[in-house]
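This is the structure I want to talk about, given as structure tokens.
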């Protein structure tokens, strides 16, 4: 009997592909999951570190990316449109691996996106020079560690959804990313959303939930009147 | 000279009405803000507790709700459509004041919503009996305290965006809502989003950011193909 | 003189076999304990990691299991009955090593049990499909990490004792298992019990304390009237 | 429409009466719940502080106890047997209100119990003089604050189930009961179980789950052989 | 014998007037200190809340300010120059009482300053419109709560010393000001300095230490070459 | 396209050279940054551990110091004056690597400094014997771990600015430097400033901000009258 | 039956009088304890706040001190000798109530002591001027809040036992006394001992344990050779 | 110039030999300290792990003990008397390395002691069987991890000074020893003293401070009357 039960029905139910969190799993356990899934569904594997990947017997089946520690099992659909609906914004170079986990998750689920790197607000001109690209974006994934001031500044400048991902890079009181997380949750800018520290995968899933609604025939909600009561 | 600078341009810039966080402000400070805004813009006042409200000289100008501790200055636009795009879901009766803060924020910004109360997962049948109402919702605001298991269960059942609001009701390790917040951020369900503890206002603002995108002419993103690569 | 004092009287006094917590002990210390016990009593060794096991001179005397990091010294009694009174339930594959520590402790103490794996509530159907097996169980050991929503959902569905074991798998706010522990302690479901993070051994001992009472000639407590006052 | 959904089926499903956690609820909300329940079920109300109780319009329907802040709606069944299966043990006088919450919960659910007060281990003779009463108990609810050493000492002396309730009495590092909780979870004695700080209600519910199994026709589990492999 | 020993030599030794922290002192204790100091030195009293002030027998000797909870005993020297060397910048109205404690401390010590209010970075234009005033300032005291992003943005725009004061206004993870403090200490901008939460007095004292050096005949340090090696 | 955007304008804007925080960056990323900067600006690299340094292809361009884990790219200006305006004071030998990070940052920016080592206050005579050197210093960087009592004692003895750097050396409650940080922030001495744990770089930057003001033609602030109101 | 069990044998067993911790006890409970003790033993009551004292029916039997919130039941022995063996040292006026709890505990147990107030190390001369009094003291109780640097400085200057009591006075990171406690536990001075925050009673009991040994006929331990090996 | 300043006067001033904390020091730094001390004083080296010891050029001068990670430089005086005044008591085998650090510190300072191992209170008979040895001890160093209930039980049974050393062995909420430390500080037994987690050295220094007083000609304090007022 298997020690796992794959959720083959998940794409139908919630519109997201099945994903496997590999931290804490042995190579043998991951191999068994891949064997089970191989001819039935695609799989996104996250937190698969290079050492564990190298031990997999099924590794030839995978499209592996070491920076994000993600792997794809099965084909990846090309984005339906050329134009991106999501921007992945990073405050510093150290945040790139988390941003890449988000990017790979979007890619595997067939969503287009663009990247804007190294726009931390300690050098404000970097962000302001990219503002016109950011304003029309329906969804922005903002990856930021240390004091995580980027999502707050963004939140006051653009109307789109801002999904902030705190990162664990840092030292002293920033160790582990809690300072960044708490700054995001305490943001003075209205409507900033948070996921767990380093959770690029979760941020991408949340973005996909929003995009799914954008592409559905929806009730004609009176959005154009937003803010008009004032 | 004023000690405050209202952001009259905010609705244009980010699509949300100006709001005033009243905790830590004196009645005199709030009165001055209201006087400044009175003939120029609407205002949403949050965290205005009844004692402070009673001390306001400008209170006759306000539409005040004590449960949510919110007040409106200025007219409220009726929702553009009869059909709600947002569900506000609560796990227990103790979460109602936070849910009400979200509801009032949506109402002031002209967005329709529906409420589904007391569907905590310790009595799972209560949630399952409302599932068909929840499945088509583009956005669900899930308000839950203590162990906050509701957003996780929801996240596995519905495809919409789930904005989880941890609440501070509880005692012992639940005191202050940190256990609820951490459970939400650690959710096994993919793509759950968090705001600060008791931040019904922030959850509503995040929902409004999503709705604004839903109602805009957007690039025809290939959402119908989401999850199809598997 | 020895630096340790084994508790040979423990089985008589509290009905549980003597156990040795090996973390923080040198191989030489563990060897000395085993030599002392060898002809006098059985021993359960916990937290004996493979590297330390490999260094033991007495390792040929042991029945070692690397997944759970446990070893048996001495014979293991077969369960008295074919029917299990305990279910060990896991939310995800990453929780299996903790579940295995519980299983090995039960096995060494002669108690029957069954396992139900990968029934985390983010895919609720997995749990619901096993519900009929779980309802008659006197004791359920529920092993769950991250947001640990499983014990709460179970607690609303079954009447048996639920001993919840939070696990340390996770990252960000879930690091170390505190989020899982606090969610369990804050559970909205009535009567959920907690042990320390990753403490499969302790959960099994608690289950054995309950089973011992079940098998004793007890006062005919009016349990059939439970809940009848309403 | 109501903002609450009572769980009238709970006694059948899990064998525990419906209970209402009153902290964070207004008197009006509690009155509405009582009115809904009045002719259909009994209710246990917890965390109903005297000021809130005094404001209830339905208070004449309740059997209220200020020490434990609990109230009963509806009749209370007498215990089925004269002999108690549960002991409620307290370390100090300051723990009595939490112990009383446990006692009232047991009473409302028709279970017999005995109390043993002020047996904190800083005066060890007090506990040792009551040991013969404690040894045969199937279940002991041990209420202890500050360093909570009582459950550990008990756990080494008696074979029954020990449900430990940390209390929040104390100051400095003991403030809020976290030191007590962590001491309990870290106990050197095997098989100690914990509930949330000050959660007398939860401890009683857990005890009721065990008692329910004791009184059911169960598989003849080989408990008499427990510990015999050694 | 007195229970206190005033530090009459402090102004000579470190250039700051003696100050009394009144929290935790009884009115009688404060009266005794004032009586001792009256004819010998000036005193700055901090954390003197209105209720305690009203109980002082010596209150007629004091210049009291309720917003900052400070009082002056003795004359206040006018600033030596018309031009301010210090700016006190606040992110929101709720930070004004802390800013006022800093202002009163500067005033009592004879230092000039200017105030710039409500320039939180969620409305970035408010800060940018005041930038030319801020650039030449040798010292900026930046008072900010919640996510405290203001000091980071400032630190990338101006060359002066930035003393950041986190404030305790906020709720949820912002409660108590720790999120603000940690964001400041983790700032991506180089050379931001922190004082304790709500410590407007300490920030002012630190500013005074810098100003004292500015006004002293100092070694001609090669500051004009700063940054020239690149 | 690069994943980084160097801030070549920083020296002009805030008077500090561009610096790169290397923790969390791969050798390839650091090489790319150095290549971009090589002919355009100097760079200070911090948190470059020896293993990462050894992997750099550009390492021949760098002046590397393993104790402080810093490297210089480009020429270092000699201090403008022989006389130091900054003292770097350490409480114990274990604090030297953090002190060295501060020293290297000052050196790279052309500021003179002196070092005073091992003057922890548990051997008070060591500090008192160096007091005359410390009194005239405009800025003192005080590096201290464990209980960090040094800055408090210093703060009562000297008039200059005191920038305290808590260090992470220690064990038990001192692990990670939080005890040291909190002691510094809670200092009874007025006007002590803090930077993040182990942040020698930040302390030096803050010192440079002060020195820059010292060397500028400033308004003749009435510092000589400081403390004269008493 | 009583809910309490007094420990009449405690003075014989451990040499300390029975004491009652009154926080969390009702006036009725305290009255019952006093009635039980009245003719059999003396009692020290701690944490008896003025409001609770005023409600006691037995209050005429007590010698009550509001500053320390302690009361004596029964006679107090005069100290055996005129010369004090214990010094109670306070860093600031705010620490006096905790120091007084220690003083009252010593007084009730018949031990002589002296007080030295307001010698915090931010004004080092205050402590140094009292050093000759402190050097010969066998035991020093050092009461200090905020950064609690006093015990460390003392520990390097005097040979006696130093029992440090952190106090909860303070704000921001000092709130609750944890910063003070951790500074004490992390002290660089060798052999500093800690009790819980605000635990003047416990510090006095520890001092009494030492004094008891000092006055007993003890083995002639070679203390005069201490430190002679070096 | 040296980066260190040895405290050669310490034995005279406070009666304890100079000691060097080696964690965070390089082998070269330690070698320099030893060279400086070699012909002038003895030294106790603590936290010298085997790898660092093996790198020392001066290691032939040292008496090294790997279990406690301590080394002696210089001769060790034999205890002055055959009879021990100090007992070192351990709760479990995992605490032995910390106990050994205390033992080596006592040995180097010429103090006699005895050891009593593995008397954790989960097997209470082990402690009770050694009670007669413990009762006359002036000082007991009690080393205990996890829930650290041993010092509390001891504190109610013996009159001597109890210096409790929490240890960091454990997992989950016991990780790092904070649960043990907090249990000790919250002890219900009067007069228990704490040192930092794993600080065997500090506990021994505190014991030496007490012993020094025991061996001095002291005022004849009325210890025989302790507890007689009741």
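Order as written gives the chain letters A, B, C, D, E, F, G and H; numbering starts at 1 within each chain.
Throughout what follows, contacts are C-beta pairs under 8 Å (C-beta built on N, C-alpha and C of every residue); 3 or more make two chains touch, one makes a residue touch a chain.
In this text, all values refer to a predicted model and were calculated from it rather than measured experimentally.
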Subject >> Minimum number of chain-to-chain touching steps separating chain C from chain E >> reply: 2
**OP:** Please decide if copies chain C and chain H contact each other with the same set of residue positions, more than half shared, or with different positions, and reply same or different.
**Re:** different
Subject >> Euclidean distance of C-alpha centroids - chain A vs chain D, Å >> reply: 44
Original post:
chain A to chain G: how many Å between their CA centres?
Top reply: 56
**OP:** Take the average of all CA coordinates in chain F, do the same for chain H, and state the distance between these two points in whole angstrom.
**Re:** 36
Subject >> Distance from the mean Cα position of chain G to that of chain B, given in whole angstrom >> reply: 51
Original post:
Among the residues of chain A, which ones contact at least 2 other chains?
Top reply: 10, 92, 123, 155-157, 172-174, 178, 181, 185-186, 190, 196-197, 199
Original post:
What are all the chain pairs that meet the touch criterion?
Top reply: A-B, A-C, A-E, A-F, B-C, B-D, B-E, C-D, C-H, D-G, D-H, E-F, E-G, F-G, F-H, G-H
**OP:** Under the touch definition given earlier, write down the residues of chain D that touch chain G in their complex.
**Re:** 90, 92-94, 96, 117-119, 123, 125-126, 169, 171-175
Original post:
Can you list the residues on chain F that touch chain E in the complex?
Top reply: 10-19, 41-43, 74-77, 79-81, 83, 85, 108-112, 138-139, 155-163, 181, 185-186, 190-197, 199, 201-202, 204-216, 218-230
Original post:
Contact residues on chain B for chain C in the complex?
Top reply: 91-92, 120-124, 146-149, 152-153, 155-157, 170, 172-174, 178-190
Original post:
If you look only at chain B, which of its residues touch chain E in the complex?
Top reply: 1-5, 7, 9-10, 21, 23-25, 29, 33, 47, 166, 168, 176-178, 181, 196-199
